[in-house]
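Listed after this line are the structures, all set down as structure tokens.
Look at the two complexes coming up: chain A is in both, with chain B in one and chain C in the other.
Up next, the complex of A and B:
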């Protein structure tokens, strides 16, 4: 996983306080002028009716027009039709190649690639991962997902690298692209689905395109970053040798940016995988579809059987591309010499399996894990749901959480006059960032009101706030503990890896079994999903605190509690802020999916829009989610954004 | 093999590279792999639909030698996918007049495939253990009396009427308003979530009021009694905002993609003849959802016991 580097230098607290007061005073002044005006014109606490724009009828018209003209209009016949056709053909080609290679061939080939790139241990891990996919009876869906992924990742890398190249070479383009890419990375995956469905209909083309849109930004960002970060002295030296701009790019800048490029590839693959699963909602097929189908019949075991291959694929791809990026000990000469042998060996295995007629994974070699898992889940719900002495059951907790936390929070937010919500947003965003971020935050919040979904958006916001609070309390506590104990950190690492790569869907059903239907399970799923990132960033931040500062404080006789509170936490402040920002973004992504388990609000509207083909409702809710995500990100984003892993 | 595939793909790309590309005629990339004849069936999220598909799939694969792909799509988008040929057939449709008009009558991209043989009915249900203690709850007029008992954290001060997936046909919000009931519609968000919640209520013998439909296997696990709403008359649900009557009894229909219906060979003929009863469907559903058999095992069991039924579909 990506390292957090280059913390911005800390501002002197006194100056900060001074500037904060300054900013607040300005805001109060602005409020004193604007608020009386606003209240005089539009009374009432909710967003004024006069300031909304109803998009339902134009959107419905647009969607009807598209359905009616999809098979006749030139735009579709000569442009979208070809895009869609190309995607179908390439996915199909990859899929046929994978099937033709057979399970032995695919496994051998991947293992050999892993061996050459990342060493023997990862190669063994790759073999184990692929064999597990087969053992779980998931070979064909795994290949379908893999085929879709290969095409989506290839397209994302091309698009991302081109954008990154443009951004890396031209300052003006970089300025224009940066905010767009930054924004795309904080948006919940779910919001991307509707627009592509509108144009392409359900199916693989829409799924691939949504995946590309979602996964290309990190590649573009990191390419631009790598090209811009090239050592000036090296470039100067190359220039003095008389190299043309093109030669400089090819021989110096791109090779120097290798590390960033590979990190970009790594992140693109991870994001593509998470999207490929969510895209099962719009007919992507493959593993995601199996998870989705299993959840429909409350079959946690079957969902897990399809979820495990996803996690394994994710871990293998992450480690192999990660190892390629960091480069390893043995010299590249010996590596290159191994390739031909490796290739021949892989081909031999593939051909041997083919001759033996063992192309499809043999049915007899599958292990059913669904039943024992379901029994375990049943036991859990039987014994924990309610009536547990003293502490009460999980259902009681959920009810209390809803009644005592979620309801007051939601009612409080909706009770607040709309202009005061905008003011709070402005104050928070300005205090932590610049006036630009504050302006973006306020405008996006206002856009939610204009779209006419103010109340549901505040409902979603209340769930996000509650989930973030819980996540931060648990996450910081765990992070601090892990930073102080190596053993705990080592024990946590694989757990965090797995939790971070699990498809969000898989979390939904166990939380329903434990907490019932409603907003509480949505919040619970969000907490579980966001925790790993928060724990990881906190631990890393605390561990990166200058050892000298730690040493000197302990020589002054500080207890370990004092040391934590007065040295480590203040010094790790940037990391903690980043953890908050990540927590908020990840929580929002899952609270939206919580619409599937009774979370209501904006998430439900999107699910409804997809399910009923009512794109007007879905798109408006999707746009509101985008605005909400933008606002939350800006409000929690410290001045300088860093390279980081997206959701 | 690999070379041949690449060459084939390359020539296809060249062939289609110029000229029009109608994406409403593009099949799923996973169909017909390795020269097998493939049928793609739409599975809706409820288990009854899974039962239809499981049995059809089993027979297509074992008796007719097809390879079957299934895709889970919600009801309305499934119509769109069917018209585009991304799926070949929907085996259980609960009535979508607007889509029927658009795709079957106007665009003619979808063909009717005949009745499934099962009649569906949507309604409001309370658990039978509760209805036995309070027999008058089964009329909508007395529902307000019990609103207090049906209250949950999500429904605020009112009673909870639990609805399921947003994709299902429902008039419940309008019904609650128009019948002036002291209830709040709470959407579980998916059928899975709704079933889990109903089972939890039933385990504790708590009262609840839920949107539900028959035929459904859950009735065997949690017996439920229907609450009578004002009787259904033809056309009383024409205006979605003014509905104040019960849901109709709908004979469930099959629909086929028009191209598939014409040139789908034995598979299309088989799917048109596929017709069974509510009991048959429930038998398979119960094996899938309750005994946790895989759909394939359940289908196999049913097929072994009912040869006389399915033989007629193949002729």
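Up next, the complex of A and C:
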């Protein structure tokens, strides 16, 4: 004991020297000066009125001006008008081609591509997926979505690849682009909808453009990454042989970046699908629109009938493009030989179907699942919603969750004085990241207050916090279990694969069936959406812990619990922080969409703004969503971030 | 070292070469106060690192010139300066008398395409191309047509012993085979000089020996000038006609293997060559004494550039001193005592 007391004077300054304490002390100091000033000026807990800026009237004016001048102003006539027309025409053209090919032709050609790129099994899967779309009576909407996707993906790839090329070749451009692209990737899809609607109005052009804006960043990021990541010595060797800059780019840098380029294509397609579905809110027809309409009238059966094709499309597109990226080059060379025959066969099928007059999917072959599903949902409503002995019903759970978790959380947040919220944000962001991230986080949060949507933003925040908490508890537990058991990991992998490829929108369907509408279902959808990424990152992080460290600890006789607590978890800390960050970002994206199923708050404002043509409300809410996304990302942003997004 | 060689224009002539990394690197070679500083001092004072400091040497036609030093001694930077893969800070470089530093972009490209080709430590192969296309790559850069470059590449592939592997990809080859591809790619453009940057240090010892012998064979067959960078002393002694030993960016000694081992210029070099089996590097010139009248004329004959270990074998077999015979003339005599003195390191250090 004597020895310990003797040492204690030395340990105290050591604690003080700790960086975290340092930061907090500085923050407390700043707060001690600023808070009394602030409270003296503006009393009350909510964001002071004096500090808000009302953007409604200027925004309304702007949108009215745009609506008035859309047909006359040269900017619209000669620029936006052409863009808009080009999009409409190309989507229309692709759509007509798809219809002209007929269902048999489209299926056969898709199967052909899948076979060449990814093998026989995926080709069969593709056929099954397309036939299911037809069987569900969703052939035409599927083709509408596909047509929109084709145009959006083509544009995204071109834009993304050009930006990526610029970023890959020029250090200065890369420095300028990186933070923008990074930020664009953490923002919820919803935030992109309103600005394009403001300029283009509701409809296909707006939907395609929103999709391009959302889907191009991964292509740009990965292109730049691939070009920059090329083996330094290979490039030097190429230079030593006297290659010109152009030869270097074409014969070395681009081929060396092949893997990243294909991964970029894969991510762009997945993001585009996700957005093309969400963009139904601003007038993109197709599958998303069917889901949207069905959810609006709480018709779960119809929503499911349109949701299944979305999921199938997502899985097929992801697997096929993923296989193209990972496929070894030698095997693709041997496959190339069969191309002409297969192409002829597919064309023959298409022509045959055409000659037989079977262009449209025959009505007789459709299976209406809406009816039985709705009956099942009705049964569930009657039997599972409430009053199930002992465990209660799903609606009871939702109600309890709302009463005991969401409401207290929301009330607590709104009760907190506004400056204390800013302080907490600053403290968290600074402890985990740097003073720059802290500053961005605080400024974003303050901007929400200035925009005058402090209260709805806190409502959204309370849902996000609740969902993140649930996600992390379940996700970490599952992740740790999967990291310790190979069997569990193998069993989970296909499930996670499918869940990670599904567009956000689809998650709303089952939760509405189970929990009805309200804030709790929005939270549930967010949890389900974010969970796979959290589980996956946690498992990977724990598994990648240096085996030598594990071995040395077990050689010292550590129990597996000690090993987990003292070796794996500390060493996997960066991965766990990343899991938190991803969890937060993904949860926010879905909580916002939850506005469609009664989640209220900012998401609802956006939907309301769109539905009522009240763009000012929607734009303010959209800006607040951007700020909230920025804030949440920066608060949880570890100093080094991974290059690839989890979902 | 004969007069005939010296009169020819050297392939590479390097004079007062500097490469300084860091802010405002240009001022350092010109400032005598700064050039006098040691690396740590220079770094503390200016934030710059001098990787190559005032290096001068000539590479003669047909020789294997080895630059040897430990990691961080600046040898890799030096070889990259020769074709300006790294831009030198000061000094002159001439190839066949032509100023390399004055070359414009296209002239420099010509130099890299036709006159100097490089072999890299980690091979630097293009993973998406076959062996044949990797070897043909230099020709492709030059704009040679597909059929011709493939035909020429196939010849070189055979020359380095990779027949039958033309259609494989680098990932399907072993380390030694990959470096043969790297070597073939450099040979395919038929350069005047081959530059090797630690080409074998990533290979297993046995493979490394094979590859060294391959280089020796190629040099014997073609007589191509080579600049060879290595950190491996035995490799340097085995391959080098002359060796430049570098430390902290400076050349501390430049000479034949025998000169380096037999008479180290300073304690650093002496420490470096301490464990070298001297009898395998030093020639009988070191061990011989001038013949006196009492010497028998019956002893076995050895050439003056035979190694000491060869002489030991001859002396041991014959049981009497050996005569050193140069072009039919007896120039000296080696006996057991003299040879032992070399092995023990007690003989005088002058050559």
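Quick notes
FYI, the second predicted complex is superposed on the first by the 577 of 647 C-alpha atoms of A that agree within 3 Å, B and C clash if a C-alpha of one lies under 4 Å from a C-alpha of the other, contacts with A are read in each partner's own complex, and residues count from 1 in each chain.
Just so it is clear, contacts are C-beta pairs under 8 Å (C-beta built on N, C-alpha and C of every residue); 3 or more make two chains touch, one makes a residue touch a chain.
All of these numbers come straight from a predicted model, not from anything done at the bench.
When the two structures are aligned on the shared chain, A:233 is found in touch with chain C, with no touch to chain B.
In the superposition on chain A, A:556 makes contact with neither chain B nor chain C. Greater residue coverage of chain A by touch, when chain B is weighed against chain C, goes to B. Of the two partner chains placed by superposition, A:37 touches none, neither chain B nor chain C. After overlaying the two complexes on the shared chain, residue contacts for A:29 are found with neither chain B nor chain C. In the superposed pair of complexes, A:81 makes contact with chain B only, with no contact to chain C. Shared contact residues of chain A with chain B and chain C: none. Partner chain C is touched in their complex by these residues of chain A: 231, 233-234, 236-244, 247, 251-252, 255-256, 258, 329-330.
Of all residues in chain A, those touching chain B in their complex are 67, 70-71, 76-78, 80-82, 84-93, 95-97, 99-101, 144, 147, 197, 200-205, 280, 282-283, 285, 289, 292-293, 295-299, 301-302, 370-371, 374, 381-382, 385-386, 395, 398-399, 402-403, 407, 508-509, 512-513, 516-521, 594-600, 604, 607-608, 610-614. Those residues of chain B whose C-beta lies close enough to touch chain A in the complex are 1-2, 5-6, 9, 12-13, 16-17, 20-30, 33-34, 43, 45-47, 50, 69-81, 84, 86, 102, 152-154, 156, 162, 165-167, 186-197, 200, 203-204, 288-289, 292, 294. Against chain A, the residues of chain C that register as touching in their complex are 83, 85, 108-114, 117-118, 120-128, 137-138, 140-142, 169, 182, 185, 189, 195.
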